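Consider the two complexes below, in which chain A is the common component and chain B and chain C are the respective partners.
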Partner chain A sequence: MFFEILQLILQPHVLFAIFIAELFGVFIGAMPGLTATMATALIVPFTYFMDPLAGISMIIAMTAVAIFAGDIPAVLLKIPGTPASAAQTLDAYQLGRSKPVETLSTDLVCSALGGIVGSLILIFTSPILAEFAVNFSTVEYFWLTLWGLSMAIVISAEQPIKGVLGVIIGFLIATIGIEPVYGYVRFTFGRVELLSGISFIPAMIGLFAIPELLKQISKPHEKYLVQLLRGGKTYEMISTALKKFKTTVARSSLIGTFIGALPGAGADIAAWVSYGVAKRVSKKPEEFGKGTIEGVIAATSANNAALSGAWIPLLVFGIPGDSITAIALGALMAHGLRPGPMLFQRHGTLVSAMFAVFILANLLMLLIGYLAIRLSSNILRIPRNVLVPLIAVFCVIGSYAVNNSLFDVWSMLVLGILGYFMERLGIPIPSVVLAIILGPMVEFNFITTLMKSDLNPIIFVSRPVAAGLAFLTIFTWVLPFIRTKKLRIKGSES
Partner chain B sequence: MMKDLTVSIISITLGLFIIMLCRDLPMFIARGYPGPSFFPLLLSSVSILCGLILLIKFFKDVRKGGISSNLRFNFRVLRQVLNNKPVINALKFSALLVAYILLIPYAGFFLVSLIFMFITQVVYGVSTLKAFAISSAVILFVYVLFIGILKVVVPEPILGQLLYR
Partner chain C sequence: MVLSLGISKTMSLVIVVLLVAVVAGGIYYYSAVTAPPQYPSKPITFIVSWSAGGGTDRTARMIAALLENMSGWKTVVENRVGGGGTVGHLAMATASPDGYTVGIITFELSTFEWMGLANVSYKNFKPVLLYNRDPAAVIVRADAPWKDVIELTNYIKANPGKLKASGTAKGGVWDIGRIGWLKTAGVDPEALPWVPSTGAAPCLQELIAGGIDICTCSLPEAGPLIEAGKVKALAVMADERNPAFPDVPTLKEKGINWAFGTWRGVAVPKDTPDHIVKTLHDAIKKVIDSPQWKDFMSKNGFGMAYLPSSEFAKFLENDYKVVGELLKAAGYVK
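Moving on, here comes the complex of A and B:
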């Protein structure tokens, strides 16, 4: 088995795909404003034309590097390249003013370590959870998907009510087409192209890439001038930091993986939580925000670990942990791989090879990341007025390539403009995306469960796991009210 | 605050629109099982409810007195927004994108992409020669990667298909 996996991942085309994806990840991650999610949406249509392992490896490798590369402009310009780098920006920039290469190299090593710890947890927990999940019925899946939607509301929006609206919009987008239980046609306005619903990948490209392009083109001449990075006592700083803060790396990686595995919570939230915990338990909390490497290590280990964590619910239950895995779900389905417990039984070798790619991608990131640090000034100099039209062409070809349909390209554009306005109004796009995926699952599992029980609602809490998940879901709904009440009490006390 | 008012109007309108669309779909079917419009109607009700909550919040703020000056301020902001260079840049780009997608079926992906990249760069301040060189290089790269290596199908032109074969 081990040699079989090794043979699979060491195929030249798989290694080449990982290498190219990492280069692309560096480029997107290092450009402020362009996110790893957008890069995933752009890359997915092209994975359709590869074998499943090469295609999925591209997504895994690209996201890992993009999240690290987001720290490059954070260190050099005080601008996080991706939202996942925001937590450590202040500390990273302060440190980077005197030691940019050393700070970025330490950041790179800790990112890789976080990614590897997250991958190991993914490797060891997923098969166990999958065995457990084999016994799940529509009742458990109903609560699990509803809990995922609830988390998307609670976590992703500043105002939960706008999170609810995001979920409603996503859910309604997903209801277009042939209804899954009875086969009724809904909201197609007579268009044949809409019978199978809005294509998922063009929708993702539209929702994640077009709003970014519209924002970026509003400052067409913006480019960043950074001096070439040379020299630095890299090894010394890395070894000192690792010796001193090994507990921080381990703790942050665990926190990152756990938060990544929660539906709706991504690498950015993992980084903030881990940064907060590190500050609370630190011997020198007053140094946080003023340039401490401990803060950088805590956030960077957590955000990369979260990436692997997000694959746990995706592979085991078919429920994505964040927007990146939501898009990856589309790629898996396109290759005929239906995530869920049966995936481990039917495609065991492929799943194991994917796990190995997680480790390989994080190791290769050390090399690509180091090159990126050295070449960062060149990447940051590319002006927006050159970059934006280039990405727009990729958006069009990517949307078209999925079904060879211009209708998909128009869907991408319409949803992109819709996404731009939603962002401006504070409606979170990740909630919309999770609802597009989880909405139909909630509907299907709810109706089929009621049919099975002949409309007896007791079935929803009749099994222990279902009852536990029901409690968790209701607790998630109540949580914001408890938090508001606590804040009010605190406010009146002070 | 104005954002909340906008969101509330949108969510109420969306809710009502979905209710209207669901009028031909049954909410329950035989034996009382939830039908195809059950979830859309549930969602539209929640959407209307959210809109009403935001609207009530908005009017509460009006009562507190802070909103009239805010509304006046926002008309000024609206004027500023319409004369705002970043907004104009985003609108120009949207228009270019629409024209790009509209023309693809007539002139084919490669030619229209080349023209789109070239015009967009020139419009946003890149010199003509540089824009042409970058656009040509990118299109050549796209051709080699997508057609040569990945065998991706791209939209072909209705007119003059021979040119591309």
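Moving on, here comes the complex of A and C:
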């Protein structure tokens, strides 16, 4: 078994895919405005033409590096590269003014540690959870998906009402096509292309990439001029920081993994929560925001841990934990791999190989990340008027490549413009995306459950786990009303 | 530029050389060297109606790759996905009949007209060969009280509506398998209501979780769970037993004369000249006789089968008819 897995992940094309993905992750993560989610949507069409392991490895490796690389402009320019770096930007920038390479290197090591802890938790908990999830019927899935949607509203929106709006828009997009229970055709206007609904990956590219491109176009041209970085006492700083703050790393990784595993919350929220907790338990809370490495470590371990954590509900229940895993779900399904307890039974070796890739990707990140730090002034100098059109071309190629359909390109553009206006109105796009994924699951599980009980609604609370999940869901609904101190949390796109 | 890096000139040179080497190595690894085409004179496009990476796509890409290896033909696999398979099948049927556009047709072709999804059926095609069949099976929980499929059938007859079955969408292949099984056994199909599912895997999970009682998917799909002792197969709806599951009897052995399942095959537009069909048939026959193909099919759990052009044509006509009758009997025809 062990050698079989090694053989799988050491195939040259898998290693090459991981390597290329990490390089890509550096550029996307370091470029302010370009997010890991958007990059995932852009590379997924290419993963369709690889074997499943290489394709999934690309997503895992790319996102891990992009979330770290988001800290590079935070340190050098005081601009977070991705939303997941926002929590530590102030501290990282203050520290970076005197010791940029040391700060970024410590940040890199803690990111990798966070990612590895998160991966280990994923590796050890998900098979056990899957064993348990085998006993889940549509009743439990109904509540689980409904709870996921509720969390997406409660956690990710600054104003829950906008989250609700986002979910409703997502629902409407998802209703297009042949309805899965009775086979009714809904909202297709007689177009054959719409029979199987709006294609998911083109929709993701549209929603995550186009609004950002439109924003970039309308912004004045900025040049990021950064001093060249010289190495310092990097090793000393890393080792003292790790010695002094090892509990911070461990705690933040655990918090990050847990928050990542919650449906609807991703790396950015994990970073904020972990930063907040670190500040509360710190011996020197007054230094937070003024340049403490403790804050940087707390946030950066947590956001990378959250990436791995988000895969737990995806693999175990088929319910994505954040926007990145929502897109990964589309990629898995395209390869005929349906996440859920059966995945562990039917494709055990592939799942184990994927787990190995999580560790490998986080280790390789140390190398790629260090190169990125040393070359950061050059990366940040890539002109936007080259980058933006290049990404626009990728959007079109990617949307077309998935199904070889021009119709998908139009869907991508239409949803992109819709996404731009939703973003301007403050409607969280991650809520829309989760609703597109979870909406049909809620509907399908609701109707088939009722079919099984011959329309007796008691079935929804007839099994103990179902009743527990029902309670959890309703508790989530009342949460915003009983919450006294409002946590200020910004949108959950990572 | 190089001077502006925070590292020495030699160091950056080493980095650049390493990067170039890795990228070039990778590109070399991906670009397979292919033999020049002899006959046919240009690349053949295989159209697949389902997503890249799915079961049908994987078999199509295997055929295409082995054709390149064994016959030196140049092939392209194109996924025309959408409309529950209608988009691709329509594209194959309306392609120019010159043998350069070849379709991978699947079971769903027998249902499109009946379900009112699209005006395309076997009549629009000239079949080349059938290469895969996966019969439906009757699968229950391992601790289920029924000794064999006859006991189960009698139980369903005596307790209409008590048990629930699942496997695909309504009117999907495994649903039609259920209707045919019960009708042939003289039981009203309504006595075993169908709960739609999005595929065999979620249906099997429902079965284990106790949400439903019977799953009528294929044996390879249930294989890992049969081995794990979580479910058992009472019967398979085939003409003969599956060699990988020798203990599972056929419905016919049990006196219920019914065989049904999903299939995949190769076909071209109906006006394609016969000599092209023959050339294609012979080349693909060689592919499906090869050890690589057999290894690939058994590793992926696809049932191997073969019908030559003429028999495949009869098979398609019959499948279309049977599916239509059962869909009508179940009230699905719109």
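The definition used in the following text is that the second predicted complex is superposed on the first by the 482 of 494 C-alpha atoms of A that agree within 3 Å, B and C clash if a C-alpha of one lies under 4 Å from a C-alpha of the other, contacts with A are read in each partner's own complex, and residues count from 1 in each chain.
Convention: contacts are C-beta pairs under 8 Å (C-beta built on N, C-alpha and C of every residue); 3 or more make two chains touch, one makes a residue touch a chain.
A quick note: this is a predicted structure, and the numbers were derived from the prediction, not measured.
Of the two partner chains placed by the overlay, only chain C lies in contact with A:378; chain B stays clear of it.
When the two complexes are overlaid on their common chain A, residue A:451 makes contact with chain B and with chain C alike.
Contacts of A:233 after superposition: neither chain B nor chain C is touched. Contacts of A:397 after superposition: chain B is touched, whereas chain C is not reached.
When the two structures are aligned on the shared chain, A:49 is found in touch with chain B and with chain C.
By the touch criterion defined above, A:284 reaches neither chain B nor chain C.
When the two structures are aligned on the shared chain, A:182 is found in touch with chain B and with chain C.
Applying the stated contact rule after C-alpha superposition, one finds that A:244 touches neither chain B nor chain C. Applying the stated contact rule after C-alpha superposition, one finds that A:135 touches chain C and leaves chain B untouched.
Within chain A, the residues touching chain B in one complex and chain C in the other are 49, 181-182, 404, 451, 454. Interface residues of chain A facing chain B in the complex, by the touch rule stated above, are 46, 49-50, 161-162, 164-165, 168-169, 171-172, 175, 179, 181-182, 184, 186-187, 213-215, 217-221, 383-386, 388-390, 392-393, 396-397, 400-401, 404, 406, 409-410, 413, 417, 420, 424-427, 439, 442-443, 446-447, 450-451, 454-455. In the complex of the two chains, the chain A residues touching chain C come out as 12-13, 16, 19-20, 48-49, 52, 101, 134-140, 178, 180-183, 192-193, 195-196, 199, 228-231, 333-336, 338, 340-343, 345-346, 371, 374-375, 377-378, 402-405, 444, 448-449, 451-452, 454. The part of chain C that touches chain A in the complex is made up of residues 1, 4-7, 15, 22-23, 25-26, 29-30, 51-55, 58, 78-84, 86-87, 90, 115, 117-118, 161, 164, 169-171, 193, 195-199, 201-202, 204-206, 208-212, 224-225, 228, 230, 332.
Chain B makes touch with chain A in their complex at residues 3, 6-7, 10-11, 14, 18, 21, 25, 29, 31-40, 43, 46-47, 50, 53-54, 85-87, 89-90, 93-94, 97-98, 100-101, 104-105, 109, 113, 116-117, 120-121, 124-126, 134-135, 138, 142, 146, 150-155.
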